[in-house]
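Pasting the structures here.
The two complexes that follow have subunit A in common; it is paired with subunit B in the first and with subunit C in the second.
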Partner chain A sequence: MSQPSEPILVAEGVTRTFGGVTAVNNVDLIVNPGELVGIMGPNGAGKSTFFSLVAGARKPSAGKLRVCGKDFTKIGLGDAARFGVGLAHQIPKPFKKLTVRQNVDIASYVLPRSQRKAAVDYALEVSGLTGRQSKMAGDLGLLELKRLEIARVLALDPKLVLLDEVAAGLSGSDLDELIELVRTVHASGKTVILVEHVQEVIHKLAERVVVLEWGTKLMEGTPAQVSNDPRVVEIYLGSAQNESALKRDVHPGGETRLKVEGLSAGYGPVKVLDNVSLEVKKGEILTVLGANGAGKTTLAKALEGMVKTRTGSVWFNGEDITDVATFARQRRGLALVPEGRRLFGELTVRENLRLGLKSERGFKATHKDQSPLDKVYSLFPKLVELNDRQAGQLSGGEQQMVAVGRALAGEPDVIIFDELSLGLAPIVVDRLLEAVVQIANWGTSVVLIEQNIHKAMAVADKILVLKRGEVVFSGKPTDFSEEELQRAYLGAS
Partner chain B sequence: MDFVNNLVSGLLLGGLYAVAALGLSIVFGTMKLVNLMHGQLLILGAYLTSMLIAVIGGGDPLLVGIAAAAILAVLIYPVQRYIITPVMAQGEEPPMTVTFGISVVITTLLIIIFKSSPLPTWTVDYATTQWEIFGVRIREIYVIATGIALLFVLALMWILKRTAFGRQVRAASIDAEAAGLVGIDVKKTYARVMSLSSFVAAIAGVLIALSFSVAPTTGTGWLLRAFTVVVIGGLGSLPGTLIGGFIVGLVETAGAVWIGPQYRDVIVFGVLVVILLVRPNGLFAKVAKA
Partner chain C sequence: MIRQIFGFIAKFRDPFTYGTAVVVAAVLYLTASSLDRGQQNDLTSLFLLMTLALAWNLVGGYGGQFSLGHSIFVGVGSYATAVILTLLGWPLIPTMIIAAVMSALIGLLLAYPLLRLRGPYLAVGSLGMAVAAYGWMINWDFTKASQAYAMPKEAQVDFATMYQFATVLLLIAIVSIVALVRSPLGLRLVALRDNELGAASIGVKRVRTLLPVWALSGLLTGAMGAVYAVQQGTLTVDGTFNIQFSLDAAIICVIGGLGTLSGPFIGAIIIYFLRKYSAEYQNYALLIEAVVLVIVVRFFPAGIVGLISKGFRAIVHRRAAAQK
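This part shows the complex of A and B:
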């Protein structure tokens, strides 16, 4: 047992480089038993890398790192779990064909045989899954998946719990429940470190916040100290959104680009979308809102032909495309920027962008018409210097720019953004929303699916609100009251 | 001198093995498909060439082989597009089973048409010529095969790296669904890859028929050889396949000389097992990503 006086984490001058890039630079941090520490910082600040060092998944290039009393510069891969470090991933990937309990069971195998059952029972109870333990992990909703991820960590009986963006994708009451769960885990005597973009989570939970920027520690303090520090406000939140950047200089309207009538879709026996209708005119921005599980991503996939339409029809530029394949929809000018970006990670940025070009269709690309790419570079000048980098090595925000650029390369008439801002820092989100407005100003119609409700509503010409797969509101954002919004998200009547 | 002799002939035999394995390698590398009909495609290339020579009434097997390879590529396109690809949505095993079924069909058809007797050998000089350079005896056909292996590896790498088609193939192999989002017709792309693989296989088949005896049932043996080469070289790596070919050629020749020709297969597959134990992803596989 560790003495209460010994800190659970001691980092001194911890540095990690990848090739020529220093992802974590000379970071000092001490975490004492029982603390709840938050780590924040913009994309590319080195949060994930620092976390992977503490989790024992990578080793520091320089510096001292002691976790749970062990020298983490020397341990082998996979040892960290036995030494008492549990990491909950941003995107839970349980064994879908095993039950909740079986998934948690597997994690408990680091413990002596006699302690396993008790540890699993305890983990299930704390994470609120006892009643759902025989459910298949593949059938769980997002919040339940996050609960399972935390249960899997608790089953290791860890001293230190690392939570990597566990709130990503959650909102409303789901977010509150998750915050409550983290609080319970902490109250049960665990030391917790969390990396989080969702400000609310840090503010409600953390006793102490560490801010990283460009791999170095910018400052640390209480949540209040941090959020009032002008340096933090500037790098993390950016200056207040420039109103003119979001101004629409084209009045949308005119011909109908995309029209959906009575669309139903789903997976297997599950009906996710029921009788959804919508219409998007030239240069219009339609924002689709709804709580998790409302069917937003399924709608995006159905529009792009990735999910089969059960009933109803999809019309694009006056033609029925209900049975047209995904690739043919892209060629007609209906583009989708998918959730999670789905870039070709091993290809360079330039190759990723070029793939979408119409001139790339033959065996040998003509390279005659690169003009769509000029537009992309004017929208995101940073991509010019990133052209020869592998897409998979970029930060999340840069990857999202490439994903938007790749969609624009096909010169679309309509572009669908699915969860454009998921997991990105506010300043990056602002930049991307400015780009969305710019794209609409070019006359391209936009379907915007967003968690960031208020920002997405600010740029919308029209909004469509989904609740359990059905349209509960369709019209101008100004006609949609805050109470109605709460009802759609929180389910209160 | 014997040592150098064996070394050189082993390496050059390896060149032939590499050509035979290239088609298998590219299909696995891009479509994650274990193509169990690859051996039959090799043999079919030789038989098609033989039929064409009979129709034309003569001709150099390698030149006629190019035409035969083009015909095979056209014939295989719809097989991939309408039989194998539709099954690929159901996971990795079903399409593999389908290719096995097709291999049986090809073998049976060849037996029906040509009986089970071996393909008559072609009388061309380069099939039988042996050069002697500084006392080292070299079969000319192995030199040609090794040259063609090098040429094909370079050509295939150029296609994958530098052409729009190559970019589409790589994109589809990384994420087929996302490839659809950028306008790539993945089903067509897969069929083209299989055609390309068949083209290379047919040329390899002609080289095999020029070097060894070929019968309707020899395909499976060549599939095993090709499979060994691809696994040793690292699944899906083209230069790895070339080096894998050289290794198998060397090991086989060395084993035949020092241990005994009857143990050739035991030694080759023994080395395969050892390599798989030590480096499960093959010698030259890209390091797995974290």
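This part shows the complex of A and C:
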């Protein structure tokens, strides 16, 4: 057994390459038992890759890596959990056909038989899932899935807990609950390393922060030191927001592009949207806000025809499209940039964009002059150099650019963005919001569904706030007070 | 009220399953003599089809590994029975057990390389092995190559005994599969199917989990092959190492419900009677089966079991809503 004084993680010159790309480059890091360390960095900085090495899911190409006293440079899948390392994935990986308790049970099998039941009970209780333990994992919502992910990790009784972007997609009281959960886990004597974009989480929790950029360690220090370091501010937060980039040069108005009247929708017995109405004019940006479970994503799906409309109607360019199939709405010019991007990972960037075109003629035209793709490349010049890369290999921010580009390639009249900024660094979010404003300036109407409340309100012409499937506010962002916002998110009345 | 009934069923689910299986099997076993020979033969065929589907479902349904190599186990089980009886002259039942064990060992041998493959690659890999085994057998003089291999006299039992073999085998299959599926190993198996990466990160090792499952599937399929050999009386490579066994098992499970306990039973009954009664339409028989398969896959992708449980849940939900 390892002595108590031995560090739980020792990384010396850890490097990982994929083909010709170096994702993690010569990283040194020591973590002592009982610490709570945060790792930050912009998208594509190599955080997730570094985490996968520490979790034993991949092996380093070079360097030394010892975790929990074991050599992790030659380790098989499934071993890390037995050595005391538990990883909660950014995207939950539930076993959907098993119950919540069975999901957690499986993790406990790494423990001696006599400790299993207690470990599972404890994990369920700490993560607040005791009341849901006989539900099917496939029926859980996002927050519950994140809790399940953590419960499974806890049931391993690990020495080292790795949390990969567990706060992504959460806000308001959900976020606070999650922070409290991580704090409880740490207080129970576990060493925790977390990768996070949500600044608040790092600030509230971490004792020490490591900043990665382009796969190398830029610096490490206390949260205060890191957030005051000018290098970090520049690479991570971007220079002060360029106000003019978010300025609207066209004042929206004129014809109505998208109109919804009294829309209700849901899944099975559950009613998710109740009597929702909205209207978007040409070149207008409508921001849809609301806490998790308020029905934002369901609204996007209902607009796009992926969820059946129960009552009410959807009008597009003066035409009733309530019963029109998804692909046909897309062709008429109602585009969706879905949550999680849904790119074709095996195809190149160019091929992904090409699939978004209305016709092949548009693609051939790129060799001449006029093409919808030219607009995409002018909006995101970076995509030109990424053209021949596989979409699945890109960083989160780059993938989101491709997803936006693919939707724009169809020359839509209305474009819906579902969770545009999810899991992305602030600098990338700013870049994407600038693009959204540019798209609206071209005269395309925008429906922007966002977690990033303040930034999304800054670019909005109108906002719509949902609470448990009902519209609680609809109007200009300036008329919507901070108080009302709190009420919609935190549920206080 | 409904909730209490469900709670009761959940609590006694395992004893209930085992108890029912044992009682039904005992009744079938003891009433063997009251059936005529045609019925005994028909039920033997049906039970063997069920055993085949149950064994395949372990790997293909619960494990999500679409094996097209299960014909190898049928072939090994049947030919091993015939060869041991002929050359060593052992008693019938120990011979059949040894044949099943040989098939289980073959299962381990095949699974070890196959488990490095996933999805369609595993299906094609196992198909390749089945084709290779067929090719080997059709040329192997030791088992009379492409000529028929007659079972020796010791294997000639009456229809009632044959039917009892099939009944006992089916009972063993049910009990061992329920035990495995409800055990930690069974949970790990489903976890690997639902999300391999998620399973690995909580300590589930793929090969270690899947090897015993393939071994059990091979054991049961091999035993089915042994009883099948007794039923047939004469073995041919075409009749035993035939890909059709893997396809039948897969079709039965898809129609009944993949990865469910009752799916293979329902599927086997449907396919068995469909074939029995459509046989008189000759060329149209295959067409009818194909149409049934397409309809099920299109409209009830979770199989007949999925359809039933969906309807059941709808009723319970309506009751609960009415109570509110």
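The definition used in the following text is that the second predicted complex is superposed on the first by the 479 of 493 C-alpha atoms of A that agree within 3 Å, B and C clash if a C-alpha of one lies under 4 Å from a C-alpha of the other, contacts with A are read in each partner's own complex, and residues count from 1 in each chain.
By our rule, a contact is a pair of C-beta atoms (placed from the backbone, for glycine too) under 8 Å apart; a residue touches a chain by one contact, two chains touch by 3 or more.
Note that the structure is a prediction, hence the values are computed from the model and not measured.
Upon superposition of the two complexes on subunit A, a steric clash is found between subunit B and subunit C. When the two complexes are overlaid on their common chain A, residue A:Ala107 makes contact with subunit C while staying clear of subunit B.
In the superposition on chain A, A:Lys96 makes contact with subunit C only, not with subunit B. Of the two partner chains, subunit B and subunit C are each touched by A:Ala57. With the shared chain A as the reference for superposition, subunit C clashes with subunit B in the stretch 95-103, and the other listed options (41-49, 59-67 or 95-103) are free of clashes.
Put simply, subunit A uses residues 57 to touch subunit B in one complex and subunit C in the other.
By the touch rule above, subunit A contacts subunit C in their complex via residues 55, 57, 76-82, 86-87, 89, 93-98, 102-103, 105-107, 109-110, 152-153, 155-156, 269. In the complex of the two chains, the subunit A residues touching subunit B come out as 57-58, 304-306, 325-328, 330-331, 335-336, 338, 342-347, 351, 354-356, 358, 360-365, 406-407, 409-410. Within the complex formed with subunit A, the residues of subunit B that make contact are 163-165, 167-168, 170-171, 174-175, 177-186, 290. Per the touch definition, subunit C reaches subunit A in the complex via residues 184, 187-188, 190-191, 193-195, 197-206, 259, 317, 321.
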